[in-house]
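Below are structures written as structure tokens.
Presented sequentially are two complexes of chain A, the first with chain B as partner and the second with chain C.
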Partner chain A sequence: MATNLEFIKSASGTSVSSLSVTDCFSAKYDVYTVVGRGDFTNSNAFIYLRFLDSGGSEVSASNYDYANLVMESYASFGESRTTNADHLERIVYSHNGNDFGFEINIYNPYDSSSYSFCQWQSGGRSSLGLVGIKSIGVLKQTATMSGIKIYNPTFTDINVSVYGVK
Partner chain B sequence: MAGSLIKIDEEIVTSAVASVSLLGIDSTYDVYMVKGNNINLDTDGSLLFIRTAIDGTEQTTANYDKAAKLLKADTTFGNIAVVNDTFWYLDMILGTGTQEQGNFVSYLFNWNNSSEYSFITNESSFINSSAVLQGYQGGGVYTVAEAHNSMKIYANSGNIASGKFTLYGLKK
Partner chain C sequence: MADDLKYGYKGAEPTQSFGNNTGVFDPNDINNLIADNKWTTFGQLELIETQTSTNGTSAFNFLNLGSYNVHFVTFTNCKATSAETNMALRFSNNGGTSWIATGYQFAYWFGRNVNPLEQKSTNSAFLGYAGQITSSTVCGGYFYVYNLLDSSKYSFASYQSEATSNTTQYSFGSGVLPTAETHNALQVTMNTDSLVAGAVVSLYGIRYS
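Then we have the complex of A and B:
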């Protein structure tokens, strides 16, 4: 039986400061699921995300809005929010040597007449304990996006897979 | 995960309709997923609702409980906690301005099981009628043990102007 969650591609790296998944968006899908895992060397750091435009260049304009619900096992839950940022922040919050994982749903990235929306959830471990994050984000550009870039800490290893929801 | 999501029904709205019905929930799967993207409503300030349905006929009794966090990019988040309501939310206050559109993914549990309540989880990302990014993250339960084979998605005021709505089953 044909199925409707289709693996598109994956990317991985070791000892890298960023990881890009290029040319993963197309007209074939309008909703995508991105999953990733890994660990990094930095102390208590966030992972950031930018979209890649149709030419593969990262979109660094201040057109990103996001909001995060940060759930720490050792403290009260927190909120954060930013408009007109140059990236999406708090994809993950984790700590040197601690594993993390995330799932991102991305809507309409290839549609040049629509903003690119997303929501994500992640789990990591800071130096104090578990940190779960649930977030929303948007890139306020009506343009075709071709991929994503994950960056900020230095990743010991990272693996990201992109699926299309047909 | 790959190879386990089966499309059941889909409706692509290109001209205004009062509601969308997605059909085909049965005992084949225990868990279903419904997604919507690029959703625009034709009345400024309207909300997108969902109800369980039997053969396309929506259940309107006051048995919908819901609890959720409303994430906002401009101010303090909100809490939604309601018992015995007559609907669940998918997206909240949508507008008719540029890019004031909704997108969501929900999972449905036990909907076709006549001896269990029907549960739903909600995750959405949308720009509201004030051009602010918001997201509805939570869940709900319909507190009647009965089998549902469909759903109705509709705006609380006006029509759904456009959007794509798809129902999937998750292989057991």
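Then we have the complex of A and C:
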């Protein structure tokens, strides 16, 4: 009997401005774990996330809410929160050449009767030092989602893997 | 199976990949496909090793990290011998002969019902702290650890824990050792004191990460 994390799909890219993992959600799982790592070329930038709908199109409607605790090793922590945004923000904060890693737990993305909730935690490094982020977010649409898109900076390299949680 | 009947096919053989294995397989085929990460078998949180403390254990050294890009570490039932201490990580670049004891950066939130606070360091001897414990406090939690074996990247971790005594405490945070090199051994340790018997620390690799 299969248990624990079940690999579904991974995607990777070099010198890309976004990375989509398509058709990774299905009726087989209710909860997913996404792990990612990479680097980008921008100075001190955030990574954003959008869901992909059942047809594979980006969900860009202003239906995202999120809240972040940004934890810096060199400064006071900061809170940020937004309602009705068109994306989830602050998946990672990092800097050219400083790398990053993140994990995201996603709940009910394929359930057409539920909102898609998620929580994530990440480590990146700005030009000044470590930046850790702990966050919650939701897409307030009762619709089936099929995947995710990670974007905003230009990624030197990025690898994202999606697992179903059994 | 003879090469001209690879996977039961004569001539062009089907391409094999995770989630898409086609044909008839003998044990050697399966072993070779497993080695090439092309055989479909679920359960990608793969246990590498579990260690259990005895009285006075002050570190759990994991010298075999497999070949994973992302590792997952769990710690449970951690209780200090006598003093207040904190669970943390250290890395090694020489297979565990020595442990890097400077240069870690971390930031974490320490939640409790009285005086919750943020903690940070730009040059620490440990990556943490994940979970404060005492001789009357039991703590459990986890770390995700990124890029340990990638010589071109910094090694990051994110973590979360909970401890219980008269009050409930929790912490979550992130850390990095900003040196791009291979870290081929991992130590789960504490910044002072030691543990009583019964703490369990497990190291997993997340395959295909």
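One rule holds in what follows: the second predicted complex is superposed on the first by the 164 of 166 C-alpha atoms of A that agree within 3 Å, B and C clash if a C-alpha of one lies under 4 Å from a C-alpha of the other, contacts with A are read in each partner's own complex, and residues count from 1 in each chain.
The criterion applied here is as follows: a residue touches a chain if its C-beta (ideal position, glycine included) is under 8 Å from a C-beta of that chain, and two chains touch if they have at least 3 such contacts.
What you see is a predicted model, and the numbers here were worked out from it, not measured in a lab.
Participant: State whether chain B and chain C clash or fit side by side on chain A once the two structures are superposed.
Facilitator: Pair status: clash.
Participant: Once the shared chain is lined up, is A:81 touching chain B (first), chain C (second), both, or neither of them?
Facilitator: So A:81 only meets chain B here.
Participant: Would you check which partner chain A:134 touches, where first means chain B only, second means chain C only, and both and neither mean what they say?
Facilitator: It touches chain B and chain C both.
Participant: Considering only touches as defined above, state whether A:30 meets chain B (first), chain C (second), both or neither.
Facilitator: In the superposition, A:30 contacts chain B only.
Participant: According to the stated criteria, A:105 is in contact with first (chain B), second (chain C), both, or neither; which is it?
Facilitator: So A:105 only meets chain B here.
Participant: Looking at the overlay, does A:5 come into contact with chain B only (first), chain C only (second), both, or neither?
Facilitator: both
Participant: So, does A:119 touch the first partner chain B, the second partner chain C, both, or neither?
Facilitator: A:119: touches chain B, not chain C.
Participant: For A:72, using the defined touch cut-off, is the partner it touches chain B, chain C, both, or neither? Pick first, second, both or neither.
Facilitator: In the superposition, A:72 touches chain C alone.
Participant: Which partner does A:159 contact after superposing on A: first (chain B), second (chain C), both, neither?
Facilitator: Touch partner of A:159: chain C, not chain B.
Participant: On chain A, which stretch or stretches are contacted by chain B in one complex as well as by chain C in the other?
Facilitator: Residues 2-7, 35, 69, 121, 134, 163, 166, which sit in both footprints.
Participant: If you look only at chain A, which of its residues touch chain C in the complex?
Facilitator: 2-7, 10, 35, 37, 39, 69, 71-74, 76-77, 98-103, 121-125, 129-134, 159, 161, 163, 166
Participant: Touching chain B in the complex: which residues of chain A?
Facilitator: 1-7, 30-31, 33, 35, 65-69, 79, 81-83, 105, 107-108, 111, 114-115, 117-119, 121, 134-138, 140, 142, 163, 165-166
Participant: Within the complex, which stretch of chain C touches chain A?
Facilitator: Residues in contact with chain A: 18, 42-45, 69-70, 105-109, 118, 120-122, 144, 146-147, 153-154, 156-158, 160, 172-176, 178, 180, 206-209.
Participant: Show which residues of chain B lie in contact with chain A when the two form their complex.
Facilitator: The touching residues are 1-7, 35, 37-38, 69, 71-77, 99, 101, 103, 105, 123-127, 133-135, 137, 164, 166, 168, 171.
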